[in-house]
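Two complexes are shown next, each including subunit A; its partner changes from subunit B in the first to subunit C in the second.
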Partner chain A sequence: MDMAFLLRRIVIFLIAAVILSSLFARGQDTNEFRRILAAAVIADDGDAQLEGIKQLINSSDELVARALAAWRLGELYVLTTGADEKIPILLDSRLDEEGRARAIRIRDGEYLKGETGEEKLFLASDLTPADTTSRLRRTIKTMLDLYAMANPMPRMRRDAVVKLGQEQNPDYLPHFEARQKIETDPEVKRALNEAIQLTRMADESAAVRNPAIIALGELNSINSLHFLKQFRTTATNDPAKYGQETIQALTASIVKIENHIWWGNVVGTVFRGFSLASVLLIAALGLAITFGLMGVINMAHGEVMAVGSYTAFMVQGIFGTGLMFSLFGNPIRIKGFGLTGTGFDAYFVVALMASFIMAALVGLLLERGIIRFLYKRPLESLLATWGVSLVLQQIFRHTFGAANVQVDSPSFLSGSFTFNGSPIGFNRIFVISFALFIVYGTYLLLTKTSLGLQIRAVMQNRNMASCVGVRTDRVNMMTFALGSGLAGMAGCCLSQIANVGPSLGQSYIVDCFMIVVLGGVGNIVGTVTASMGVGMTNQILEPWLGAVLGKIIVLGAIILFLQWRPAGIFVTKSRSLEG
Partner chain B sequence: MTQSFPKREFLIVGILAAIVLVVLPCLNAFTPPESAFHVSTFSLSLYGKYLTYAILALGINLLWGYTGILSLGQCLFFSLGGYALGMHLMLMIGRLGQYKADIPDFMVFLEFPAKYPETGGLPPHWIPFKSFWFAALMVVVVPAVVAYIFGWLAFRSRIKGVYFSILSQALTYAACLMFFRNDFTFGGNNGLTDFKTILGYDINSPGVKRALYLCSGGLLLLTYLFCRWLTSTKYGLIQRAIRDSENRVLFSGYATANFKLFVFVLAAIISGVGGALFVPQVSAINPSEMTPAKSLEAVVWVAVGGRGNMLGPIIGAVGINAFKSYATHAFAEQWPYIIGFLFIFVTLFMPKGIIGLPEQFRTIKRRIQQRNKSVDTPAESAVATTSEGVAK
Partner chain C sequence: MKKTSLSLLKKLFPVALATSLTFSAAAADTVKVGVLHSLSGTMAISETSLKDVLLFTFDEINKGGGIKVGGKNYLIEPVVVDPASDWPLFAEKAEQLLVKDKVAVIFGCWTSVSRKFVLPVVERNNGLLFYPVQYEGEELSQNIFYTAEAVNQQAIPPVDYMLAEGKKKFYLLGSDYVYPRTTNKILKQYLKMKGIPDSDIVEIYTPFGHQDYQTIVAAIKAFAAGGKACVISTLNGDTNIPFFKEFANAGLTSENCPVVSFSISEDEFRGLPAKELAGHLGCWTYFMSLKTPENDKFVKDFLAWVKDPKVTGVDFKVTGVDPKGRVTCSPMNLSRIGVNLWKQAAEKADSFEVDKVRAALIGQKFKGPAGEVTMQENHHLVNNVFIGETLPSGQFKVIKTFNAVAGEPFSEKFLK
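What follows is the complex of A and B.
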């Protein structure tokens, strides 16, 4: 037997001893906490109960936490035995057929057993719940929050810390500090820091108080703003007690935090403005092509967008748990692949393409069936396509029901982060980048491909284009299909941020037309500019005037703006008299 | 487009007027309810509603059929007229409302007394509407002023064609959103309703209903005759010239913007008066009457009946609404399909509407005849086609 082997044996033995002893010690501790709790439950005196509960502060025992939570909800029972002995018990969550459950004795965590050794069963309604008072419940709640600081989920930990910090109770300080030493999650760390400073802010001594106030300002703690302001009111009412220095520190911190929030709001408003502008832009881009380039008023444009949204809904159903709809009164059930996770998330990519294709097909049908007869009668194309929009809406209603359908965001689009207190959603970021993408795509298509060249030629002079051999009929068809396809993609995008229902299109159609007219008909750059302007103005006006009044003012402003530039922001120059 | 009043049209209008203005009210007043010929007061009110829609349609026709301006805001003017009279009727409810207050119920409900304490809760602009004649004046003035301002702005900057349609739709949409707001003092989305009296008479009594019906019929006849006269004057000629080629009229030295503004304001007044008669017969007015969709629907009545003709819009408005009343009871689910396909069909295949059908048939017949003839004598048909081409 050599030395190395011996040493290893010794080390292993020592480790085992340490583990064992720690286990043993922990067991002793847990039992102690359980005993304290059991004693507190059956104590007659309310103060004694509170004292007992407060002793549980260092417990990490799950049963204690469970029992406390149950006590607060009146689900902790006191069983009185024949010998007038009171036993606090907790009922198991698993019930038998008669609704009875096994009872756990708080004192030692064992199941209550009968004389023959089998586990006794109890009915909750037969038992007496342990008494609670509102003071008791509050204390228990705090205790549970303290336990929650050790919760494995960082978000739960953060929420608990924020809540405890707002109580400004100096008793918690050691717990915060202890937690801060072992905490790894940066957000929880920050919340702990805030909670500590917030608690210290209420300290009697200015030497502790003032640095804490300044630290809160440095932290840009939005949650503490309310406390700081309250404190400032108290302090200014009684400057002698709190001292000028505290008041100055308070003011400085409040200004700093408010500044921080203001910036957050500015960025938030700009972001929301961009995202609204992108939505309008995506929705109006298809219209800018059909109306702007072809001069066809397609009142069913909104419904073509809805076709895209419903396509997204169907693709989602096929990837997920399947979908049901009725086709001309016949119920149809399609079995889904039942995908989850990344597989399901991929539906959105497929849906984007499918919605383009579906909407383009609808557009193609519309152009071949109706619109090509009306190129010379634009006002009448308005009426006929309105008829189409009524029919399509009713088809949606009959196929998918009158209520809105649920389109789930893929996981990479749900969620958000906050910037200086303003929430910024991933779905909106996606909408903005998607808008940029399709505008660029459309620009490339119109300027770099032969189809784009033909489209522009037909738009400028239909007869001349026809004379030099452009098949105007085919170009019309392609252009309309392209515009409709873009509308379909817009609908797919909208399904991520708005409700999908039969009247989805109606809520966008007036805005879309206004944007195309405002931007200057037949001008993509104009459409982009106009939607930016409208989206931003809307978001800037909204906090002051509310959404509806803001919209009314924007509409009024557009009407007035067209007085100044009747042909829109960017005018496509033409020698034709009728323009 | 004939200038005189052809005998046949005179006869048709005379017969229709006699039925609407004499026969139906008499059947309502003088036959016992169990008689097969009896027209109930409810039906009469319903017909009265159609007649007010027909007035609206005449206004649209004057604009669209004769001047080529497609306004999607006519229902706004219709509703404005309706609201003006509705405000008076609302104030006449007095203490008969549910809250037994001096001010209309919705004002109590929306806590107006706190907002306008000096007038006891009545917003200041409501006060003059206690007078019937002021309200009646406003029925004309409010739509006219709104139309004048909007038309002046639009025609001055030569906004025309589809752009005008879209802008007028936006105006309607904005106004509709505005009226939906509670703090706009016009009752929010419930609008004005539950009227009790008009000029001191019970608004629900058969006699008053009959009188309102007669007013609608009479006014429709007057509007018809007025439009008929107006379009036969030199003004009407310019109007139609603007429709066919505005630039040529402009280059001939006519200020087309003024002509258009005049007809736009006139159509707004006609719509407003129609709306004022609509409100007491339906006993309610709310913002859903002025949604852009309603305006489009009204345009379609005109298209179906036949525009550029005075009888067509009346036939269209009454016909489609009567059909709608029946259809929304009998097969409500299919109604949007029917109306939707009707629009598509009429725009594609019946550009002149119902009233133009005989002419369309005649053209088809002539073509068939010509084709048959051309088989016999090709030279002759060639001449015929050229002359037709020139005529076009």
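What follows is the complex of A and C.
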């Protein structure tokens, strides 16, 4: 026989033996943890229970984790048998028709069986849940957080690490360090580093403590600021114990982190100002055209926005599960595509276009049906459009119900990233870029197209424009439809950040008129400036004065400003506005 | 045919018609009961459900034979008025119910301001009002019975729960009106009593209908950065959506900063997309998801009733009941409890006279869907309190129960 072959056989055999024995040992460990847990559940003494749970720290058994989670929620049950034996059990997640489920014995992970060997079924409401106290639940939570450090989702890992770090428990250090070696996600890595330094900060020895404090400062750890401040208070009260060096390190780190946060706040405030300004601008731009350029006091502008929002809701329904509503008592059912994930997320792009078209159509009807008879009579147009707004509101109520409807944010518009601790939401970034986009689009339309030329011509001098052959009637119609379409897009956009309900329009109409009047009627640059001014001022004031007072001051300032400059920021001279 | 003859009568003999109607009403042995909830205007969305549940309860009682007083069975005849979310109109309608319709009792009001308008009217006319919606306390009228949660039944238990969960920092956020302001004032005192320093309590208000929660959520995120923080929200109505959307977008969750909301019940969820609210907490004396035989029956019967709404035994046409997507919630349960307590008290007093019924109401017990309640001398209930976690389905899963919490309107009594 070949020597090498024999050797290979021996090596393979040895490896197999090692694997088998380790598997066996592992199996034994797993059962050991299960037994500890089962004993802890039925222990009478609270401290013994805590000790038992703490021993589970190294368990990687899925059943133990599941049982602990269930215990915390009161879904772990204790079954008392005839012989007064207490058996902790967990119910299977699959239920039969009567709501009964199989029971898993914690001790060994086996299904509980009757005498004849069939699996016994239990109803959750018949069983006694294992007792918990808040102390116990907290310990369980910590244990679950330790397990969660191995969660496949980075966000869950990070949350778990942050929470564990804040416990400042030196027992967790080896776990953090072990995790740090294998962690790949940069955010979790950073959180681990913070957690390690935060835990070391509580160390008795200044040699461990001080570098950790400095490291937290270097990390700009906002999460640790609270702890650093607390520690500084303790340390300054007892400088003999903690030493000047620690206090200095603390102060330096606190100043550094606060500086970091200050910048975050500045950027955050500016960003939020831009975002609010964009919301106002998007909402008011349509009105800047219908009221500003055409001089129609359109009180139904808000409801045209709501048309856009409801269009978004309907498009969402068509992309998703389908939609059912009743139009004047006739039930209408639209079958959905049943899309999920990226397919569903695409609804928003379609919704933006659809809402423009729907709102433009509504605007067209409104112009042809009512407004064109009232161009020379602004007061009557005010009343008539207000009536239209009431009618539209009732139609929404009738069709979609009085309650708000849910328009889901597509996944690319949910979530945020943080800049120095200030959250920057993706939906807000979208709103800002969308505002820039439609302002630029409107600018191009008004200055670079023949329709734009005609619109401006009609606005400046209707009769003259008519004389040189511009079909003013048609231009009016197109302009009004354009303004309404923009309002519809605004509604679609607002569905991502605000409520969609029959009264959506009401909450924006005043703001819209305010922005247009403040900016100067008939001037789109004015509308942009006014919304920026109002949005920024509002966001800068709000952290100082609160939302209520902030708003009052902004409104008061606008009134004073209009006293000083009744025509708004930019004054436009135009015949149509004078007439 | 009857209709034609009636209309003929109407044209010819208005007086005769009036007499004949009074006669027919008197013959049926009925007792008039007022329902004072807004059926139009901004509050209609909340209050219409209470009108529905009241009519349902009247139907339940009438089906069971009515109220036994003086050896006779009286059927409940509802008089429904619409104060249209207009506070002074609440006072006028209450006056009309008491003086013109001569109702034995009024069930009504949602907002505290509407109750404050009705209070002098019921006191002047010695009427009786049952008030079913959680409120800020600091009030006690001889003529009002508050089946509603008092502050110590709704605000204090979740704060205790949060303290027990190890929360050390509290962000009190509310809509700017009397209920949040008073509740937060009491909570602040309570938290200080529990050793939470001023620096760890923040109190913020936003106007009604506020939509822009960026700044507040950024502030909460900073506040919660050190851990152990929670939000106690008394935000009202649909302002909750922009708030919770912004909250979720900023990466805050019920794990790192739970929100306890006092103003969101199952019924509000019908108008609130629940996705972003899941995992946060609510605290009420009743949840639709409670598993008791009484609750199973209540939910089942009510859901059947809305499909075919009527009040048995009396000539009353029920209108405006929406059968779609109905739920039960705490104010609805408390409305129904109020009617039953009043019925029991009238039977005990053997009279519908306000003074006698009032005396009989004290100590009256009723085994409701959420367990037994008792009317105390201070006109508030002893009731079980539940803390529930919001599920994506718009229901609550009970995570903590406080048994038999005695309602106390005056905060100085429990801030000791």
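Quick notes
Throughout what follows, the second predicted complex is superposed on the first by the 438 of 579 C-alpha atoms of A that agree within 3 Å, B and C clash if a C-alpha of one lies under 4 Å from a C-alpha of the other, contacts with A are read in each partner's own complex, and residues count from 1 in each chain.
Keep in mind that, in the parts below, a contact is a pair of C-beta atoms (placed from the backbone, for glycine too) under 8 Å apart; a residue touches a chain by one contact, two chains touch by 3 or more.
Predicted model, so just to flag it, every value in this text is computed and none were measured.
Touch criterion met: A:510 reaches subunit B, while subunit C stays clear of it.
With both structures placed on the common chain, the touch criterion links A:559 to subunit B but leaves subunit C unconnected.
In the superposition on chain A, contact is made by A:551 with both subunit B and subunit C.
In the overlay built on the shared chain, the residue A:226 is in contact with subunit C alone; subunit B does not reach it. Once the two complexes are laid over each other on the shared chain, residue contacts for A:379 go to subunit B alone; subunit C is not touched.
In the superposition on chain A, A:162 makes contact with subunit C only, while subunit B stays out of contact range.
In the superposition on chain A, contact of A:179 is made with neither subunit B nor subunit C.
Note on subunit A: of its two partners subunit C and subunit B, the one contacting more of its residues is C. Where the contact sets of subunit A with subunit B and with subunit C meet, they give residues 548, 551. For subunit A in complex with subunit B, the touching residues are 295, 297, 299, 370, 373-374, 377-384, 386-391, 393-394, 398, 506, 510, 513-514, 517, 521, 548-549, 551-552, 555-556, 558-560, 562-563, 566, 577-578. Residue ranges on subunit A touching subunit C, taken from their complex, read 73-74, 125, 134, 137-138, 159, 162-163, 166, 222-227, 261, 268-269, 272, 275-276, 279, 401-406, 408-409, 414-416, 418, 421-423, 425-428, 497-499, 501, 507, 538-539, 542-543, 546-548, 551. Residues 44-45, 164-166, 176, 204-207, 209-212, 214-219, 221-222, 225-228, 238, 241-242, 245-246, 248-251, 253, 255-256, 270-273, 275, 291, 322, 324, 399 of subunit C are the ones that touch subunit A when the two sit in their complex.
Residues 64, 70, 150, 153, 156-159, 161-163, 165-167, 169-171, 173-174, 177-178, 180-181, 247, 292-293, 296, 299-300, 303, 333, 336-337, 339-344, 346-348, 351 of subunit B are the ones touching subunit A in the complex.
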